[in-house]
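Chains: A, B, C and D, in written order; residue numbering restarts at 1 for each.
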């Protein structure tokens, strides 16, 4: 079975990596379509993303890569290019990011299958989203029921086979336990230009501070609140005329784009974690 | 003597302000060319900037405005449109902002007269600037001589008649005394997207943090370090490939524009302080 | 009945306009909340948009303005601030702009009532939109039936009371007759940075040309194809890696924002035609 | 002698290119620092830029690459990374782009040696530039003396060893002969968002057209006026308030950046011509 593959590699830098990897691809009749690489001079790590076409069996390729991987101490992954990634989306009352992601998926803009939507509010609270036949899970939460609710979320992840969880303005703070469980496979959108205005009501903080730009930050979730590796950020100009409510409105567009791009890059395997930072091979 | 005037007003909001001000202009044969206003709903203050042409004597206009100003408790200022503002520029080793400002002035882009340049380094340390016949003052400083050096700066301000002091990447921290002395008539450029990365080496902080955008902030100097009212901010995209040095280089362009725009708006009387914020009537 | 009004004026420039208009507002107990004005030095015309609160009856205000309007040869309009504008949206197969506008309306971001959607394709052709209970009109068209189809569109405009028609990627060329009928109350989105790449398949033209940015243009429809007064434009960076299809995808976001902003400004009465140009009092 | 090399390859696409090139680098003890590639699916051509460190002699590397180049029908070039490129700058009355380029060079931002400046105006006409000890050539031109003047330019190119000629707002139209002579090694900045507003006075054309953004385009010079392969473009927002003169002023900044970036990428060997387009491996 022939096709297009995407190979992602993360390993200590040393001479010969590209030569050996391209050798395996060449030996299996492959042709490289895209290639991006990065050496982090500070950490000595090397990152590579290659898209190639080959008639070889995936398992045959994987065998060869496995041997090389051991030799070079590689974290590596070989996936079918364009294979949809299963995603569970968590949302609260503000559903603009959810609406935007569903739009992108329906327009065929990202290889992503939404396997479920979960919210601490009922589906009737959604303003902008058109969820059609996507399974919706109402998981109300109070201070006292957090543990059980988070257990339900874990169960949803397991049952749905979700490879990625997206916090699309999910306004509940995750417990350390859940954050750790989701670490590296969960993207959050924070509605400020981090590290400015961490925590609650960032637009109101920004308004009080008199800043002239607001921003949004998409980052991987880790146990540290609003401190996970940043994938993407963008900003929008604001003026003295903008009230805190105006910032909320202007910010929605920025949040949509930042989260949409970050998720899109993730599901195309363009984002690699590098300690507390990320390598992003943007297209 | 006829001409164009710029009138700036800042007062408690109440009905009739525009009517009365435009009445004075009309009564003196004036024609309004530009007008911008803003009511701050939170503080109840009203801000107005009007550019108008009139054949009336400035003193006659001022008399009429003075009476109205008293009635409405106005802070008001009437200036000749385009009258150059006298500016003293302080700089340290990095002189890109100085070079940029001098370029703008020479291209006739802003009504500004540079009455002097002062630096804690000698003129020979300037890399990019072409100061020609502008008076240059070398004011070296050590921890022990700060008080005397700052006294020299005050003296320079007085003697040169500087109406504005620009800290064009002047890397010395002002004493509270000097900051207070310059309060409201001194613009600083900070090389981060405030309030992120206050203090020293913001690009290195940003690099360590893994942010995806860097920024610069122009603000009025007050006694609180890096906390004065923000006039302008802008950002530039960075990637995982950018070293801390790359951020420094990319940041120079942002700093230039942010400071250049902020100074340009100030000398055209487009910026009005509003507590810890600013009103900026951008063009 | 008290409330907030928006007043739009367009007249030959001469001294006293602001004084007289603000006098009427003041005389009716009004307080100005926002004011923007512009004198076109080339044409000698004056444009004014004022938002004010007043307890006066609308009809009483209108009487006073009517007299002033006659004296100053004003085109003027007084509307309730925030009064929804009735809009008919025309769309073809690509419905991303429709989806985006519906999203904005449902989020309460613009004072706009969608009174109908018409398409030369059936509702089942919509990919991204969630039209809910908005009346949908399938108006198929062939070369031979254009006249009848356009008659249906006119009828729809009349019956629905539409004050604005939005061509949201409606891919049919309007006849001169319909274009003239809709002139000044119809906004089109063209998917290029006009005047570059007029006519069909602009993204493919752009790709063949090797440009490094693509754009979109919202303009009022006039009888001249793709030549009506421009309301708004924006661009997006593209690279050598982008295929024509990538430009189509990247362009969708730009089209959405440009059309969304233009329609938003129109329904807030921020756009005034000025010959073949527009005056846009952006917020 | 060891060091860092930059290798640029342009050849028909086929399997094995990366494998063979990386093989040569590996065989010569090299380590790849940066690598960017592109396959043009439409033309079947492959483009590669690799930066690597190696202790091997340049001539030894070149021998090996020469053999591979013959086998794969490669256009290839091996240069020392950071080796300054010799540049001749042509300018007319508006010297902002010249000033900007000189600033970039002096700040050490681009590997570029200015071997001369030539102008149809005398050095005394320069407003913003500080040419210091760079040779300046006054080459006045009239309709009748174009041929001789262009002969002088050719001579300057030869004598100075200029590898690149930059038309930094040089307002003379080159003859087909000179354009052909400079083809592929001459970058022009056109002050519009091409293909809009070709030819003379583009800002005035843009103003008359009522566009809401202005732009600038850096392109390689070919015999077709304003039609050479585009390297870079950028835009700036304008409003109804901007006069044609305001566009000229706002445009200067855009021209500076677009030309500066294009020249910077060229001298870092990041730009490769691809028919009437370019491949640009931006950093």
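Here, a contact is a pair of C-beta atoms (placed from the backbone, for glycine too) under 8 Å apart; a residue touches a chain by one contact, two chains touch by 3 or more.
What you see is a predicted model, and the numbers here were worked out from it, not measured in a lab.
Asks: Have a look at B-C, A-B or B-D and name the one that copies the A-D interface, over half of its contact pairs being the same.
Replies: So the equivalent interface, with over half the same contact pairs, is B-C.
Asks: Among all other chains, pick the one whose mean CA position is farthest from the mean CA position of chain A.
Replies: B
Asks: How many degrees of rotation bring the Cα atoms of chain A onto the matching Cα atoms of chain B, given to the nearest 5?
Replies: The superposition gives an angle of 180 degrees.
Asks: Provide the C-alpha centroid distance between chain C and chain D, rounded to the nearest whole angstrom.
Replies: 41
Asks: Cα centroid separation between chain B and chain C, in whole Å?
Replies: The mean C-alpha positions of chain B and chain C differ by 37 Å.
Asks: Which positions in chain A touch two or more other chains at once?
Replies: As it turns out, chain A has residues touching two or more other chains at 241.
Asks: Contact residues on chain C for chain B in the complex?
Replies: Going by the criterion above, the answer is residues 13-19, 22-23, 25-26, 29-37, 39.
Asks: Could you pull out which chain D residues touch chain B in their complex?
Replies: Of all residues in chain D, those touching chain B are 96, 99, 103, 106-107, 109, 127-128, 130, 241, 249, 252-253, 257, 283.
Asks: Which of the residues in chain D end up touching chain C in this complex?
Replies: Residues in contact with chain C: 38, 40-41, 193-197, 209-213, 215, 229-235, 239-241, 243, 274, 276-280, 282.
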